[in-house]
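You will see two complexes here that share chain A, one where it goes with chain B and one where it goes with chain C.
So, the complex of A and B:
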């Protein structure tokens, strides 16, 4: 289906509580750098990542780095508009940020859905994994958690040590493409007219009044 | 005039007496330019729009100290968020790369959160406060923050940042009125009023080179929010105009402007500003002429001034000053920021050229 040299542009949200490392992840991913000293993000920040995909395709990821403080939360509807994928980030060293993950997911799902009514592809990132703490959800299998709450997957990442970020992003892109294809198929399916004879209806009355 | 001079002297004296209180690391690292610092305070404290502001600190002697003491050790969402942001306020400045500066910032922010739970702590206050701390004592910074949050930018920092959002709406309307094409494009991209929010909340401190942003803050304390509107308008109109012009390389245009250029501009501006202030002092009691600015009428430009004869020269000076200010804000953006803006404003992928994003 994919023709050679195709270009894809995806808007990807990066959300999560204050100070979980959203900006750090983006800087690591886009600029290949890490610093302890990023400024707190006010409102929203943007970054662009260009990926070569497959043999000839190019993927452009518009990353929307969204401020984590709750009082900016009433603007998220505007930020979410037309996004096709999302990272929800939490800090492995702070359980409260993990608890907030579901709040973010619910916010996202309530304000944004694809044409087929499903939520957009969302990947959970457990950041600061280099600090070696066990996952806060004690004993709970992350996989099961993701399944239950509609995450496409989960990655333990470290912006500091550059762990798993490229993998997570590639995974998200795959997921976005998958749901895009699903949508296209669905659209193709509904656009096709399949003429068929409905004998039951016909017997109900006049041929011209098929309703 | 006498009262103002007296005030200035009091501050001067007090400053000397209380030197111990000022975190010396902050003072030294910041290389404070005393005139700028004094200006900042004087400008605010003598601002006609803030009646009584000049007295607030002197009539509330000891208030700040008490507040710091009472707030110490208390823990809340605000203190937690403050703690998380202390090292993310002005990380590039030496003053905030050590515990002394950080502790001062912590005290001012927690004291304020304790004073006003309706605001508590809002991100962006940390950035503004750290800049204030570079030029003032802790207590002064605190009272300036009070003036900022409660009088100059009412409701800007409250729990739903309502005031700031209202002004984004106003800015949106202004963009629609003056730059309809850009407005439509940005609306289609769904970014209007989202990109400018941080400009307003941080008074441009988070998006402009420090030297020019600090000057803008000075102007803001003197003239109020309209300065921010003006610069914001300039910011969105420049790329639009340049893009319409074709031929010229916008990237080149905005990438230009070295640190040295910046410094020269700032020096010039300081000199111009000094002259204006001197004249103002000489003219003493008369309140500063203000350009009427009403967001509701969408009128950006100062209306034709018909000043009293004596004020004409003063107005000219001020206008000149504002003109310079605008010029300054025009040429000094970092490539990255301008690129980002262009990307957003025009849909052109200029960020690729300006930001070191790599193609894998």
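So, the complex of A and C:
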């Protein structure tokens, strides 16, 4: 490891309804491949993406690809623990998967909260964008939607045509780092409040313990 | 002219046309090379190289071209001893290549022989199953001999029959009942188009079931059959409905049984306690199974168990996929079928025993990994899991813990949920 470079490890959840392309996005992002032939994810799948960040930092993204069927909710929710960022994915050609986005977001926010009471950095991905735009919500409306519901941003992605996936991931990393900094500043300012400090320490442990 | 033709052909298939003119036939290159060197070698006609060449009946083309070349005319000639040395090196290389070829040929021959032998043994096993065992099923199925034969893998031609008999039909499902459920499912399919309806989920998942086989996809020969069985099941057990993983189980059954019989086996298989716990996503009961698994994990592979614990790798992370699909997604299909064979013989216990066998097989690799790499490895096992080796490792797993068998351990844990998985209970 470069002596000056810092290593960041972030656990990132990839959630959303069944069949929206979560696995495809991850395969494209990490393995640079695409296939029509991905098998359904049962439970959870994993991938690791290592990024050079800035001059000499390294970012390791642990991607948790979580099965989309609602029924698995009880079982897979334990996997939210200690995540620092999330992608919520929907399929632009299936409006019902967009309607489910808020359900996933609420679910996420109810399970995970940062020390300052905010949710973890979450980016909305409108996948399969190569197949046209049958969604009512696009452009300005989407921006407003994100603001209203606490998404850091939204990207139209295509795992098939490799559109916007790197951009979305870089954006998420920036957001994760920003909220990390905000937390550190906050902790430094209010170092008398013990419970919050404990909480912060735990998330710090997650970031620092890996090699 | 032929070159032009080929060029057009490439374009026809959307390939980029060759950048530097037509592709040269390697033989032509070799010929050109030979005429060129022949011309260059005019000055020393009796080059020893020529003799060497004629003496060799085996001659890899590419290396000849590279190694036997004299220095270009504008450089001083090779000293004799160096030339000799090079010739020797070349000869050694050729000899080695020959040896390798021979070895590979022998290996191929051996493989072929083994395959023939295997096929023969499968053939004779099929005969034994068909003529001796199946007609006397209830009397023979628990005998030592049949159990041993069973462990070695059921021949594909009788596999479906044996599975059906072993799974049984406690639910007394008839072909008529299947048809009724199917008719109801079809009716429902027409009347609703709710996006989250189970039938809609089934549609999404079917194309993602063994996609590499290309037989369950839209337009494939078994697409409708798979759809029918899963749809009929949601009508047979609306309280369970469709749960991901089912499509893989139904697909494996379809590959071995006729549709109605596959449905009967499917429904009865899912009705087993472990499968019911998982497919109803009975979380606390699932945790009990994981806890029982951990008891045997620690007993069998204490080092790896400690390593997993240190890295917070809980069994649910890999077991969920393995149990929900009965290994049909994570293992090659022929190997998964062998696991199913013994699962039909031994029940739930064998699923967890197989998991321990896999961990045992890959113990050394896993011990060197951190959390994410282990998780990745276990949720996406190598494409080539050696069947015989895996079964040797499974056989080596002890399924007793302090004199208690799997069922007893499970029962104790069920009675006392406080003793559930220490890692998962938080």
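Throughout what follows, the second predicted complex is superposed on the first by the 180 of 211 C-alpha atoms of A that agree within 3 Å, B and C clash if a C-alpha of one lies under 4 Å from a C-alpha of the other, contacts with A are read in each partner's own complex, and residues count from 1 in each chain.
One rule holds in what follows: contacts are C-beta pairs under 8 Å (C-beta built on N, C-alpha and C of every residue); 3 or more make two chains touch, one makes a residue touch a chain.
Note that the structure is a prediction, hence the values are computed from the model and not measured.
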*When the two structures are laid over each other on chain A, do chain B and chain C clash or fit?*
clash
*asked:* Per the contact definition in the header, classify A:46: touching chain B only (first), chain C only (second), both, or neither.
replied: both
*Once the structures are superposed on A, label A:19 by its partner contacts, choosing first (chain B), second (chain C), both or neither.*
both
*asked:* Tell me the contact category for A:31 with respect to chain B and chain C: first, second, both or neither.
replied: first
_Looking at A:74 after the superposition, I want to know if it touches chain B, chain C, both of them or none. Which is it: first, second, both, neither?_
both
_Contact residues common to both interfaces of chain A (with chain B and with chain C)_ = 18-19, 36-44, 46-48, 67, 69-72, 74-75, 78
*Please give the residue numbers of chain A that touch chain B in the complex, ascending.*
18-19, 30-32, 35-44, 46-52, 60, 67, 69-72, 74-75, 78-79, 81-82, 166
*Report the residues of chain C in contact with chain A in the complex, numbered from low to high.*
195-196, 201, 204-205, 208-212, 241, 243-245, 247, 281, 283, 286, 316-317, 320-321, 324-325, 329, 370, 372-373, 375-376, 379-380, 424, 426
*Contact residues on chain B for chain A in the complex?*
81, 84-85, 87-92, 122-124, 126-127, 158-161, 165, 190, 193-195, 197-198, 201-202, 206, 340, 343-344, 349, 351-352, 355-360
*Inside the complex, what are the residues of chain A that reach chain C?*
18-19, 36-48, 62, 67, 69-72, 74-75, 78, 94-97, 210-211
